[in-house]
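Some notes on the structure that comes next.
Here the chain labels run A, B, C and D in written order, and each chain numbers its own residues starting at 1.
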Amino acid sequence: MSTSLLQAQGVAIHFGGLKALSGFELDIHQGDLKGLIGPNGAGKTTAFNVLTGVYLPTAGTVRVAGEVVNGLKPHQINRLGLARTFQNIRLFKTLTALDNVRVACLADTYPFFSRARIEAARRRSSKRSGAAAAMAALNNYVDWWRAMLLTPGFQREERALTVKADALLDVMGLLPRRSEEARNLPYGEQRRLEIARALATGPRVLLLDEPAAGMNTREKADLMVLIRELRTRFNLGILVIEHDMKLVMGICEEITVLDYGETIARGNPERVRTDPKVIEAYLGDSYLAAQGMSVPGGSP
Amino acid sequence: MRTLPAVTAALVLLATGCEKKSATPAAPAPAAPASVAPGGDSILVGEIFSLTGGQATFGISSRNGIEMAVKEANAAGGVKGKKLETRVYDDQGKPEEAANAATRLVNQDHVAVILGEVASTNSIAMANVAQPARVPMITPTSTNPKVTEIGDYIFRVCFIDPFQGFVMARFARDNLKLNKVAVLRDLKSDYSTGLTDVFTRKFTEMGGKIVAVETYNLGDSDFRGQLTAIKRANPDGIYVPGYYSEVGVIARQARELGLTVPLMGGDGWDSDKLFELGGSAVEGHYFSNHYSSDDPAPRVQKFVAAYKAAYGRVPDALATLAYDAAGVAIDAMRRAPDLSGKSLRDAIAQTKDYPGVAGVITLDDRRNAVKPAVVLKVGKDKNYEYVTTINP
Amino acid sequence: MGDLVQHLINGLAAGTIYALVALGYTMVYGVLKLINFAHGDVMMVGTFGAYAVAVGLGRPAQSSLLGVAAIFLVAMGGCALLGLFIERFAYRPLREKPRLTALITAIGISFTLSYGFQLDFGPLPGAAPRAFPEIIPPREWLVFGDRTVVIWNWQVISLLIALLLMVALQALVYRSRFGRAMRAVSFDHRTAALMGIPVDRVIALTFMLGSALAAGAGILFAIKDTVVQPLMGLYVGLKAFVAAVIGGIGNVPGAVVGGLLLGLVEEFVVGYSSSSWRDAVAFSFLILVLLVRPSGLFGTVTAEKV
Amino acid sequence: MASLPAPLRGVFPVLLALLLLGALQVVVGQLPFFVYLSSVVGVNVILAVSLNIVNGMTGQFSIGHAGFMAVGAYVGGKLALEMKDLAISGIPHGVSDQLQLLASLAVGGAAAGVAGFLVGLPSLRLRGDYLAIVTLGFGEMIRVIVSNLEVFGRALGLSGIPQTSSFMMIWMCVFVVVLVARRIQDSAHGRSLLAIREDEVAAEAMGVDTTAYKVRAFVISSFFAGVAGALFAHFVPIINPGSFTFVKSIEVVTMVVAGGLGSISGSIVAAVVLTLLPEVLRSLFLQVGGLEGGAALAQKVDQIRMPVYGILLVILMLSRPQGVFGSRELWDAFPRWWGRGRRAEE
């Protein structure tokens, strides 16, 4: 199979005495569509935060595209090809839909040093290469000047960015809403805008944190189709956190179940569904009482 | 990167292509005729003082002094058949506001003469506006030498900082016979720095020794750290060339820490507030000043009585000098052939033996008044005792 | 040696005031997560109130036990009301708004008070400093050697008051019902409201308490430095904030320790270097603490929720 | 303007402004008080617009802007003093003066930019109110350091700086600052700044190097504050530490907040109005109030300015915390007229 795009090995994170996550393993390749489930407070979002660099793991390693990313900042990890959405939608509220996506469209122009050259310098020396950082910073400063002087090249790039962003909005069915402020969009559209924004960073792996939360049945069905479509269209590996069992079971090929930070089960949907530990975790929690409806019969 | 050679070339060109400016550049055209008041039936006198802020009593006293001089002149029939009128602006103690106000006085109000500022920083700011506009300016109490150096339209009716430092150094050495003196100066005021410099030089020249130099910031109210450090040096006296707003508190805290040696200062001490803030702790200390209200000379006593009647208190030096500054200006207006800036300037420059309340005023060729200074001792009943006069 | 001890005493005396003001800062921050920028100016208003009462009482009465009590009570009570007023009309409407909105409001109030008091019309005092009456007649409490070290009665009284208040506040916060309510509000005021805690009242009371403390601190400050002036609150307020942050904002003993520490540091900078660096050193201290240990010396670390 | 060829779009507005301001210069050159007042207004506009880049666009609350203005004023002023007796050969003195002015603006701005970098690097790790207090502390520290340096004249400050600034020069600077602020706002960089303001965590997750962007915004903002300071030094005859206290910082903050955080045009309007208000009130009192009462009131105008700023801040926060303009722009109202309004282009 292809090389691993996102890999977690023995990842643990402790907050004071609380073990929020321990012994977490994950491996995502191109074309994978995996799920991460568990009761409330099981550590799912914590796992996302560790993978994307918001938290530094206490133990274990995270690799993105083969590179160890422990200690890198979220934006650096993002540039290696990992993008995410948020459980509690975190759009740039007062920016338009278009601008939300354009923020994430990283300009691929490098006025002084090519991206390849910077990468080469970075790989040659240690991870934190001064030369590479200097080159990137210089690039960026020059780019600011181009923006201030409004050079023809800069105008061209801006137009290219807009075209790219429009294309993504179109994919997510948001093109008619492009000039709307994000906060004014309905909930479902906000969720889709978040995905569009994540895609704009050009990821190879996409992490979706409860993408269907707050959606009605119809919207959820559409979303399932869309997620599958995205995977093939953008050659992605996808990891989904979801409360809606039906959705997860419906699209994921492999599911990892967390409880109190421990991985209690892993496997294909059928195996996970029948795993006694999983059933206990959900039943033992009052979770099932509240959410149980969704296990067999779909959402209320 | 292509631009780099071009930039370098430009820099080199700049570096090599510089020459000394030949003489002074062509004088800017004088602003609109400054002398004629808009109404035509009155002459406007501009005033700028700090009426708010920590040293507001200085500004208010000065304003009162000028007000009195103007009233007296108007009562005596005005000048050239016209009444005098004042236009006062508050600069809040800030130089940029002083410059702003001066610009307003010159260009909008078209005043004949500008009187103003106590703080030298602000006077310099004003002078830089008045000079190019050719509007004469007289500062009553700015003692920094730089003020009148700005140009030939800028005058003063008081002595200058170096003289005050000189006076106190001589007094400390000759009269008080001090050997070791510590200095506590205000960092935020140029006045305090100026006095300190000259005092230090003169005092050392005369064989004394400066044993400690400590600093504070205008607006502070705790000086124990500095005073404790001074106490360690065990001086015979402390020179505190600051403003009354801090000196009173300093005196109290010095006493509290067991420092009983005399404090010495300059005209910045001169305010009723000194007694209020310092209480009994300020008694027995010395400062140099422009005049003494105890002076039995009739013109002094007449002024003191009139001022007391109008404002309910003994005039301090600020009020007196402001009164004199206005007097010099009015006297010059009477002597000048017309009220254009040029004529008025010439008339002021020719001031000779003008009988000011705070001494006879003769302006020298650097437009400074040559006057003696008095040393006063702070007395028990909220008064100043005249100690001696020191001549330049 | 003698001057070292004297510097220590001076520093402690100055630090005591910072500590007292910092207590109010830290309590308000504790419940509201608001840097009450106007705290120092509330202190100034309280001090002017005390000044007015003391001058009104006149010479013998102002330094009698009853007179001093009256001065403290009126100033602290008046400030409590002022604090209540500010909280009710300026901060409460903004409680659900971004924190910066409240901070800007606080800055606005601070400027209104400190520069408003500089005006010289109506009952306002004008800019010139005024001598604060000697309501605690200064007496030497201890004198060492040939007056190389002098400790005054008011220095001891202030320090005792500060320590006493620290203990009392600590007990209030951790031992009383009201303190429990305060801590609940501090933790999450929405949840606290759901639990039946009268959040508005708790916050208002905390504000009143903090403002009253500020007035008390202001009077002790005025006794120490013998002057009152409208701008006195600006810098003391800032320094007290620095002290509160050093001690760990929201932490009662931390505020006192931070205040005393800052007072000592400033005193030694002034005594052995130059007063020109005093403020710079105080702010560098703040920046250093925030960068190295953002939760202060006694604070606890909290992780941000994503 | 939309039909303008791309290479010209960058410079065209500048050329246009140059012509327009040149023409205006001829007209107003003879009105010294107007020129003076417009200089004060211009400097305040630059300060407000530049602070808005940090406080409005990036959402980081700095209240130490006066410190950077001080750096620009002192460094630029000192350079001008050093060059005072020099002129570039081969060109008229007037032109040489203006070139020297430009040089001192650039150097003053650069020095302030460096100061901004040094301050921003550590402090921008902090958020919200903590950042605010730390910037205040840094602003004061800069002032203390400057006022302790012998080369900068300590308490007396610098005087005798050639008064070579002109109406045209100042407003050209204003124009350039506004233009740059607008172009940043309309560029990928500006969108990243806005994203940081809206949600720092999300921006970071979308690949925006938030720390670097914040520092850059801070540097640009400080640079322009330095330029404003250097300009200030060229029309105020004396600069001293007292002009750059945190009272000045709060004045600028008031302008930005009143205009609306994030609105460039809001900052401009607020800076103009708040600077002119005391002047207008003063003339009004002098005109209307009769001689005695009017003059007395006119004197009070300066006193009541600071408390009025304070009350203004409180009222604004309570009634309209987003400021008068919110984050909208004046030019959004006339997209066609302005050629390429932000939304019209999209």
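Everything below uses one rule, namely that a contact is a pair of C-beta atoms (placed from the backbone, for glycine too) under 8 Å apart; a residue touches a chain by one contact, two chains touch by 3 or more.
Computed from a predicted structure; not experimentally measured.
Touching chain B and chain D at once are the following chains: C.
Set against the C-alpha centre of chain C, every other chain centre is closer than that of A. If you average the CA atoms of chain B and of chain C, the two centres end up 38 Å from each other. Chain A and chain D have Cα centroids separated by 40 Å.
Measuring from the averaged C-alpha position of chain A to that of chain C gives a distance of 48 Å.
Multi-chain contact residues of chain C, defined as those touching 2 or more other chains: 118-120, 276, 306.
The set of chain D residues touching two or more other chains comprises 147-148, 201, 300, 303. Each of residues 52, 187 in chain B touches at least two other chains. Residue ranges of chain D in contact with chain A, taken from their complex: 6-7, 9-11, 180, 183-184, 187-192, 194-195, 198-199, 201-212, 216, 220, 327, 343, 346. The residues of chain C lying in touch with chain B in their complex are 2-3, 6-7, 10-11, 13-14, 118-120, 126-131, 138, 147-148, 150, 152, 224-227, 229, 231-232, 235, 266-268, 270-272, 274-276, 278. Interface of chain C with chain D (complex): residues 34-35, 90, 93-94, 97, 99-105, 107-113, 115-116, 118-121, 238, 241-242, 245, 276-277, 279-280, 283-284, 286-287, 290-291, 294, 306. Chain D makes touch with chain C in their complex at residues 61, 63, 122-123, 125-126, 128-130, 132-134, 136-138, 140-141, 144-145, 147-148, 201, 250, 253, 257, 300, 303-304, 306-307, 309-314, 317-318, 321. Taken together, the chain A residues at the contact with chain D in this complex read 52, 54, 73-76, 78-79, 83-84, 86, 90-96, 98-99, 102-107, 137, 140-141, 143-144, 147-152, 154-158, 161-162, 178-179, 197-198, 200-201.
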